[in-house]
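Shared between the two complexes below is chain A, which has chain B as its partner in the first and chain C in the second.
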Partner chain A sequence: MKTLKPLNGNQTIAEATRQVDPDVIAAYPITPSTAIVESIAQFKADGLITGEFVCPESEHSAMSVCIGAASAGGRVMTATSSQGLALMWEMLYIAAGLRLPIVAGIANRALSAPINIHGDHSDTMGARDSGWIHLYSENCQEAYDNFIQAFRIAEHMDVRTPVFVGLDGFIISHSVEVVQVEDDAEVKKFIGEYKPVYSLLDMSRKITVGPLDFTDYYFEHKRSQIEGIENAPAVIEQVGKEFGLTFGRPYGFFEEYRMEDAETAIVVMSSAAGTGKDAVDELRQEGLKIGLLKPRVFRPFPYQKMAEALKKMKAVAVLDRASSPGAFGAPLFTEIRNALYDYAERPKVINYVYGLGGRDIKVEHFKEVGAKLEKIRKTGKVEEMCGYLNLRES
Partner chain B sequence: MSKDVKAQEAKNPMEDFLRMDRIPHIWCSGCGIGVVVTSFVDALRKSEIDLNKVAIVSGIGCTGRVAGYVKLDSFHSTHGRAIPFATGLKLGNPEMQVVVFSGDGDIAGIGGNHFVHAARRNMDILVICVNNFNYAMTGGQVAATSPINANLSTAPYGNFEYPFSLPYLADACGATYVARWTCLHIRRVTMSIQEAFQKKGFRFIEVIAPCVTLYARRNRLGDGLNLLKYYHDNSEIRHGADTRTLDIGYQGKMIVGKFVDREKPPFLECMNTHMKKALGDKYVPYGE
Partner chain C sequence: MKKETWKELPLGCVNVHPGNSRENLTGTWRSGLKPEFIAEPCIHCMFCWLYCPHFAIIVEDGVMKAINYNYCTGCGLCAEECPTKPKSIVMVKEEVKLAEGGKK
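After this line comes the complex of A and B, so read on.
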């Protein structure tokens, strides 16, 4: 039976995991995602999960267990954050390269050094070239919905690519919201049965996984891996639509907020988008024609759709909760600016890095950005292309 | 503030050894880590070691906070990697007394591989491991040291995996000094650390400590005092005990004492001797 439950972000991931009931779950404790695993352990102990639950000695081992289990044809999940994801690095590429549809819940957190346990996107952004699909969630409901859809996307025959589901550490992972939890049987029906095509332990058809692949075929195999994630947009779109038809909450590549007649726009992912929407409302009341675009899918990057949505703007500010030291702008900014390059008429695009290490971002900061965009719209001049928000710089 | 009140303000007896701007510490009331830090500071004092020649490295976890609190050259490294960081420090400046101060989750769990190899190559470092039988910082998950049947947040109906016996592991990997104490044995811990300072090679001291907030609460073992009582009633000093006999069952008997004290050239000495033999006069010894 579908119910409304008060759950925090971590619990929504655990709840979705209980409903999906994967064959193998392997995870190592790390703040702020630990509670996902703790809830799963309790579900397992209470007999609500039939799959195997393993507590390995590190995240590297956790992802290795997932890879082993997925190679054996299992439906597999894990959860981690920050340093845990960083320690998984080697295995992330293996999971993607072997086309293993693993799903990982990531309570996004800053990377050391200095040590910090609070939310930013450095962890998954650091893994942006690992070949995984990235979905980001604004709130607990989206974390739950994304996590269920992730299995469908990852396991689709044309995709067969692992998926990260990001939720902001503490801000979402530890905040309780009322979440619509769907009926167990409906969720099971939605995700369907996972049918591995090639798997180990099928003794009638023995295979080998991960052998040497030198100058002869490595390149072709990498190309075919890339094709998997290139096929993902159609599947993500289809699954998002179907999710809407089944549960009443449709999903696309991004959400547009008050964009219809907007002349300037703020692009921001995850929890900060909620604050951003409030700021947009206030700025609208002050007479500014401003909107907000919240990307949900970062990999594969929906560059055409994103460019179509933004091309008519006069000025766009892209807010990144991760830095890319030495690069020309932070990750989301470089993607968006690149996507707009081929349009003869395109907006001025500026970049702000915000919220590193959990630094708060408030309505007033978004309004600061809105005012800057308005100035650019009027003058057509960009004074500073890449800057920082709510940072002491003197 | 009146003069009288000011006069009553006693200086923390460890103030010279602590970064007072980081105090109060994060440890829970009844936690055993502070006791081990006090013993460590006491051992530093009694050994009259030049504090400019001591470096301390911690990993991540409750005990991992030690490096941030003591007023020594200190390094708060990443989870499990305290021993490799310490190896680098020691080799960078072989004159230093390098101490790794971390918990069981860090040293025996995620960092277990480094522990095994540093002991094997007899790296000249002192490892103090506060063992509270669980990953306490993240909320009491099952660890590599959790006794069978102990209840933990990721083992809600009890642990069924065999735990490590850390002194046995250290001995098997070739450590030159191996001791185990509990938080109750404050003077013994101090003496053990003093003794270990005098030795070369991979030295290992395990100190069993209460985790009141998580381990004890989940298992309904009472408060810090109850656990110290348990240590009192159930620990038996048996110096030189066969390290194969040191398993700790859930709330079972604990054999404590000094189990290993052997002479064995440490890593750098082995390297210098070997390379001198291989290269003769061409070899310039390092760190002698």
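After this line comes the complex of A and C, so read on.
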């Protein structure tokens, strides 16, 4: 039966996992995603999960178990954060290279040093080129909805690529919201049955998984891997629509908030987008024609749709909760600015790194950005292209 | 053997012809030295068989028979590990032929 439940972000991932009931769950606890693993262990102990629950000795091993189980033909999930994801690193590339549709819930958290347990996007952004699909969630409901859709996206025959579902550490992972939890049977029906193409357990068709590739095949294999994630946009769109028709909450590549007549826009992902929308409302009341765009899908990057949505703006500020030291702007900014390059008429685009290590971002900070955009709109001049928000400068 | 384009490859780098490393003649990697088997002092201890990284030691009914030069890379491990005095495997100079590539 579908019910409204008070759940925090971690519990929504566990709840969705219980409903999907994957064949194998392999995860190692790490703050702030520990409660995902904890809740799943409880479900398993209570007999509410039939799949295998494996507690390995590290995240590297957790992802290795996932890879083995998925190669054996199973539907597989895991969860982690920060250093845990970093420890999975080499295995992430292998999961993607072997086209295994593993789904991972990531309570996004900062990377050391210095040690910090709070939310930012350094972990998944660091893994952006590992070949995984990235979905980001603004709140607990979106984390739940994204996690269910992730299985459909990952397992689609044209895609067969692993998926990260990001939810901001603590801000979402530990905040309780009232979440619409759908009916168990409806969720199972929505994700359907998973049929692996190859299985190590299928003795009638013997295969070798992950053998050595020399200079004569590696390149072709890598190209065929890329095809999976490049096929993903159509599938993400289809699954998002179908999710809307089934459960009443449709999803696309990004959400546009008060963008219809906007002349300036703030682009921001995940939990901060909620605060951003409040700031947009206030700025609108003050007479600014400003909107907000919240990306949901970062890989594959919906560059055309994003550029179409932003090209008519006069000025755009892209807010990144991760830095890319030495790069010309942070990850989201470089994508968006690149996407706009071919348009004759395009906005000025500026970049702010914000919220590293869980530093709060408030309405007043968004309003600061709004005022800066308004100034650029009026003067056409950018004083500082890449800056920082809510950082002690002097 | 015709090599597949990226569109023709099975999903996920899976090798659907298990055991096809047999076609990969690692013996073409040899560059200057090759092991030579001298049956006389051999005690059939199987050290060479155990250490050979390329399964190039031919054993029949527990008896060391010969070296398979199709796969022997000339690494010299067998000669190094052979415990007999004098050695039952010695490395000898081999005229280097330019390899034609790993696969036939």
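What to note about this one:
Methods note: the second predicted complex is superposed on the first by the 394 of 394 C-alpha atoms of A that agree within 3 Å, B and C clash if a C-alpha of one lies under 4 Å from a C-alpha of the other, contacts with A are read in each partner's own complex, and residues count from 1 in each chain.
Rule of thumb we're sticking to: a residue touches a chain if its C-beta (ideal position, glycine included) is under 8 Å from a C-beta of that chain, and two chains touch if they have at least 3 such contacts.
The structure presented is a predicted model; accordingly, all values stated were derived computationally and were not measured.
Once the two complexes are overlaid through chain A, chain B and chain C fit side by side, free of any clash as defined at the top of the document. Residue contacts after overlaying the shared chain place A:Ala26 against neither chain B nor chain C.
In the superposed model, A:Ile171 makes contact with neither chain B nor chain C.
Contacts of A:Ile361 after superposition on the shared chain: neither chain B nor chain C is touched. Contacts of A:Gly210 after superposition: chain C is touched, whereas chain B is not reached.
The partner that reaches more residues of chain A, of the two candidates chain B and chain C, is C. Of the two partner chains, neither chain B nor chain C is touched by A:Ile106. In the superposition on chain A, A:Ser224 contacts chain C only, with no contact to chain B. Between the Cα centres of chain B and chain C, as seen from that of chain A, there is an angle of 70°, stated in steps of 10.
No C-alpha atom of chain B lies closer than 18 Å to any C-alpha atom of chain C in the overlay.
Residue overlap on chain A between the chain B contacts of one complex and the chain C contacts of the other is empty.
Contact residues of chain B toward chain A in the complex are 60, 76, 78-80, 109-110, 112, 135, 137-139, 141-142, 144, 153-157, 161.
Residues 97-100, 160, 197-198, 205-211, 213-214, 216-217, 219-221, 223-225, 227 of chain A are the ones touching chain C in the complex.
On chain C, the positions that touch chain A within their shared complex are 3-7, 9-16, 18, 21, 102-103.
Partner chain B is touched in their complex by these residues of chain A: 28-31, 34-35, 37-38, 41-42, 45-46, 55, 57-58, 83, 87, 112, 115.
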